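I'd like to ask you about the structure that follows.
Every chain is named by a letter (A, B, C, D and E) in the order it is written, and numbering of its residues begins at 1.
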Amino acid sequence: MATAVTAWLGLMPDEVTAIWLSIKVASVATLASLGPGLGIAYLLARKRFPGRALLDGLVYLPLILPPVVTGYLLLLAFGRRGPIGSVLAEFGIVLSFRWTGAALACAIMGFPLMVRAMRLSIEAVDRRLEQAAATLGARPLAVFLTVTLPLSLPGILAGAVLAFAKAMGEFGATITFVSNIPGETQTLPSAIYTLTQVPGGEAGALRLTLISVVIALAAVLASEILARRLAHRIAGDR
Amino acid sequence: MTLVVDLQLIRGAFALEAAFTAGRGLTALFGRSGSGKTTVIDLVAGLVRPDHGIITLGDETLLDTGRLIAIPAHRRRIATVFQQPRLLPHLTVRQNLGYGRWFAKARPETTGLTEDGIVDLLGIGHLLSRSPAGLSGGEGQRVAIGRALLSRPRLLLMDEPLAALDEARKAEILSCIERLRDAAGIPILYVSHAVAEVARLAATVVVLEAGRVAAMGPTDAILRRADLVPVHDAEAGALLDMVVEAHDEELGLTRLTGRIGRLAVPRLSQDVGAEVRIRVPARDVLVALRAPVGLSARNLICGRLLGVSPAGEASMLAEIDCNGVLLAARLTRASVRDLGLEPGQPVFAIIKSVAFDPQGVGTGRLAAVEI
Amino acid sequence: TEPPVIVFAAASLKNALDDAVTAWSKETGKVAKMSYAASSALAKQIEAGAPADLYFSADLDWMDYAEKKAALRPGTRSNILRNALVLIAPKDKPEAIALTPGLDLVGRLGGGRLAVANVDAVPAGKYGKAALETVGAWSGVKDKLAQAENVRAALLLVARGEAPLGIVYATDAVSDPSVRVVGTFPANSHPPVIYPLAVTKESTNPDAVSLLAYLRSAPARVFFERQGFTVIGAENRT
Amino acid sequence: MTLVVDLQLIRGAFALEAAFTAGRGLTALFGRSGSGKTTVIDLVAGLVRPDHGIITLGDETLLDTGRLIAIPAHRRRIATVFQQPRLLPHLTVRQNLGYGRWFAKARPETTGLTEDGIVDLLGIGHLLSRSPAGLSGGEGQRVAIGRALLSRPRLLLMDEPLAALDEARKAEILSCIERLRDAAGIPILYVSHAVAEVARLAATVVVLEAGRVAAMGPTDAILRRADLVPVHDAEAGALLDMVVEAHDEELGLTRLTGRIGRLAVPRLSQDVGAEVRIRVPARDVLVALRAPVGLSARNLICGRLLGVSPAGEASMLAEIDCNGVLLAARLTRASVRDLGLEPGQPVFAIIKSVAFDPQGVGTGRLAAVEI
Amino acid sequence: MATAVTAWLGLMPDEVTAIWLSIKVASVATLASLGPGLGIAYLLARKRFPGRALLDGLVYLPLILPPVVTGYLLLLAFGRRGPIGSVLAEFGIVLSFRWTGAALACAIMGFPLMVRAMRLSIEAVDRRLEQAAATLGARPLAVFLTVTLPLSLPGILAGAVLAFAKAMGEFGATITFVSNIPGETQTLPSAIYTLTQVPGGEAGALRLTLISVVIALAAVLASEILARRLAHRIAGDR
């Protein structure tokens, strides 16, 4: 089936690889940032601590910086010779020029969007419900897991989808950090970019763009349906 | 287990400065809207930190701002029924009920109540798989009560738990609260505007006024004070502690005896020898100079008129000493004049109805009963 | 199987290089992976220890940069291709323009802008600026430029009729039917447009040299020339 | 202005099928928790669409699903006091009060109430610049009442508006509601669990049971039915319509006259000639075979015993025909036996206290009064 | 003062212009998208209508598409010969090569972020409050303006800040659509990008990046303070 579809779309093997890689990178980037994203969103939404403003600003950074700059900074930090990259390398973790690096780049680029959405939702959770849970014996972590988290699911979902969509479109930081190696770091947007750089690449670029749009929109749609179910369950018929 | 509270908190123009002790049984927090009842509940539950204060429960210090002790809410093992239900909207009713139970798994059982029992009592069996969003006001309140009762608390805080309920359901839940208080021995701090509820349930009443404790003491003493308890619907009255002497099955009567003498009341469920407390509302006491005949009221008690004081615009409160026990009777000024009542005069008190409040073990009747 | 040769190449080389490498693979049975991106990004990645075997830059500056950072294997660098710089116009206004001193480019723009790649950063822009200076048109048009991110974007501006004239590489102009070349800048009016190639210092793949040799060989010529490049004769390569 | 309602709505297992008419005055919606009272309020307010139904107010059709008419909530000019206050959290109390007023600028005044008057009545003057978030339960409820009253409604829907209030405040607000009902003539649909409130305020009672109208009719007829009104705290009783005959300033008495004969009650504020309605709770009526002497109760009415029926476990309800007016008296079974009560027998009814409900113009006393 | 600061930072006049232009473009983009953003967020949050899923997806598009593609599409649509651009031109509105075009590009790139944040906040508004307002005589528009809007202000603010930050970092779509004309369309990110493309431009790029970060973070901080005030007013002390 899959082969039939790719044949029908006139896709090159490299392009098929790029599509799968993009999905993998975007999914991993999204899933991997869920945890830290939630944690930071919760901190920003609910806690007052020194350095809070700094953390808040830091989270916004990838949005403000031109992607090339972000990519370059990633290269400096996580490159084989970078301060973090060299330490990671000792543990056998190499990010630069691997798909994992692409996922890192996408995760970082999507992070501000994810955190902002989650944070809004957490802020909207009625604290009186959390208090009620506490009086029933739920420890703060349990309150978070059984009350705050489920009640902010719509925002978590929205954040995840934003991050996924962003990952499906991100290439500036990715290509700067991990280059554009087919099968390893060449995601759909990178492939599209390459095609726009050569004469006659437009048709190919358009085709790949459409594919990336379809995939991202499918994710958006799925999340919408899920969100509506959740909302329905919580709001009841009233 | 005694709750000792001494709290100070400033919130805008409102200043709470309340110190009281709530011992075994039920302590009612009574006071006008905005007097600080909910604030006290929040403080005891551990949801709000006072500016200064101490809270101890039994021999455990829950809070001591001076010693920087503040046990967090989740470790206080105090269940709260809030003024608004605060059900968790993403869980079903069943899950809401199970929520506290689950976190209390490791704790010793305190209430002796089973989930099925609670569900039956509250009449929420048909709601179990519903989401809280569709519940009616009273349904939500009942689920909230159930959730609190199931969490194995060692202290129960209830903030107007019955405000949205119909009389029949209210009566059933009141009896359950009585059982908890007596059988399970859980101390209860109970906020209510309903004097009848307070009179029936409370051993002690704490009256709040603008954040301060205006009065505190045994329920009967407080409820006799018209300056504290709003004189509406004849809520003033006397509390009598009596013992069940005998049951008359045929007539459905129970004979009680006490310092005041003997009283016949409709059949109680308590065993012979049990202590019960009855409330005699002042509005239900008539005063007669001669013993009437052929009257439906069964309890005729002779005593001496101590005095008559104005209570409200046109009515007066007569205090009658019946063998050392004080009864109050509400009369019109016209009656006082017509009967020519004078302090020291011997009079008959005719008691029309009493309300029951079982002291000690065993549960009592729910409704006030007509004699 | 043997590891593929990894080539970091300027994006504008994609068409030609893809064909050439395919031919090399067919001939030798070895494989290569192409990572196309901006020459600048690639240079910095190689500096940071990218797993590239060959670096094929679109200009000398970034190759110099890599060399200065000691990221190249000494003695492997050579100039491979040359490109011409042309003036283009939308196909509906194909009047030829003589690119000689005294040229009234401002008049020819007729109030429009001259599309070029960034004259400070992108090679094509730098060459274009030099050429304009040579023909004495620079001071007139320097405030009438529309500087694009890259040559392709400059081409697009002309193709869409946003700009009446533009400066691009001959290789770009040739392939786009919506533009016409209205003049070619004399080769001596700007520094030569040269595409240098080298083996990286990090490279351990023995096939890298084989591919390098092939790209310099006569059989590879056809692929480059087909895309409009001029292949530099062996005698002029260093 | 008459509200006519005929509504059908299915919500999960709950089916509402209610048709009733609410005329001038106050119509009480009475029923157990979950019987559909709030649902009816929501439907009339226009917040929920029924599956089928018609709502007309006066000669305007607010809803007719058959004719695809559905006037949206904001054009119905119906003010609602919700079961929960629903104050706008981003506005101050003052702004909340002004909110409805502002949108009603162009509408004719209906209530005759001024903002200052409302603020005074509700005792919320000190809260005006506060945000709703810090208000206590009762404070919020009072602001919600004020907001509704100030929006110039032509119909008022009130869903347990006094549930969280103390007795004193409740009494004040009840008198305001009475004024609205009588002086301003605004029809009111009033949900309450408190029989006393219903008895005092309502001309008509609609009893809901599981979404259906179980009974509907004049308040006195409904409240006498023990099967409908939960027999707790002796809420059963009779309503008597009487006229003010004279005032006795010295004794603070008012003499009333009616079909039942004459009654003396504490001084009322109504003028001579005014119509008042009084409620005589069954628990406050004693039965005597002979006229007693030297008794504090002032009102002795002779009548004929119609019959005695069981009401509750140990007590019975005696119906007495007093010149065509029915009185109910609650007695113990023992009393019934001792007095040897037989239907047809002439008896004296001794009335201890009455509660007032002014009919027609003028406001009455708030509290029940002891005679 | 300003001159002293720029002198101290060692800024070129062109760079100073770029800074001001960036602030102008980002502000205008943010302010101009507030209205449509709110409208669409409200529709998506509260209405069910045919084409809702389509609109939802459409809003996400600029996030999913590589910025270059977005810029390209903008050029196609709003360019001099584009279907919208040619119509606008008749009314004397020209976007191409103008700062207004840059603002359009930034607005569109920030739109998904803005709408998503607003939508989350609107969804979190308690409908029972809106109902209460309606029973008090407020028409739907009045309900929106007096209840929904003020209660979702935290999200609106968050959305605006996201859009502003995005605009401060956006250049891919901008440069493709309106090129890189100093004083007209050369925003800070374009300037930064240019510097990253020149060997040895890192220091300059870093300086400008810091400036852009400081500006965007100032906006973030300001919005945080405002949001906290709002939240405080609504939540009271409890």
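Everything that follows uses one rule, which is that a residue touches a chain if its C-beta (ideal position, glycine included) is under 8 Å from a C-beta of that chain, and two chains touch if they have at least 3 such contacts.
Predicted, not measured: the structure shown is a model, and the values here were computed from it.
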Two chains joined by the most C-beta pairs in contact, as defined above: B-D
Maximum centroid distance from subunit E, chain identifier (CA atoms): B
Inter-chain centre distance, subunit A versus subunit E - centres from mean C-alpha coordinates, in Å: 20
Centroid distance [mean C-alpha coordinates] between subunit B and subunit A, Å: 57
CA centroid of subunit B to CA centroid of subunit C, Å: 90
Rounded Å distance between subunit B and subunit D, as computed from the means of their C-alpha atoms: 26
Sequence positions of subunit D contacting 2 or more other chains: 11-12, 84, 130, 134
Residues of subunit A whose C-beta touches two or more other chains: 68, 72, 193, 196, 237-238
Numbers and ranges of subunit C residues touching at least 2 other chains: none
Contact footprint of subunit A on subunit B as seen in their complex: 45-47, 72-80, 82, 84, 86-90, 99-100, 103-104, 107, 130-134, 147-148, 151
Residue ranges of subunit C touching subunit E (in the complex, touch as defined): 38, 40, 43, 61-62, 64-65, 113, 115, 118, 120-122, 145-149, 153, 156-157, 160-162
Residues of subunit D defined as touching subunit B within the complex: 11-13, 31-34, 37-38, 83-84, 126, 130, 134-139, 141-142, 159-160, 163-171, 193, 195-196, 230-235, 248, 251-253, 264, 266-267, 283-284, 286-290, 292-298, 312-315, 329-339, 350, 352-353, 366-371
Subunit B partner contacts - residues on subunit A that touch it in the complex: 128-129, 131-140, 142-143, 146-147, 150-151, 230, 233-238
In the complex with subunit E, residue positions of subunit A that touch it: 53, 56-57, 60-61, 63-69, 72, 112-113, 116-117, 119-121, 123-124, 154-155, 158, 161-162, 165-166, 168-169, 171-172, 189, 192-193, 196, 205, 209, 212-213, 216-217, 220-221, 224, 231
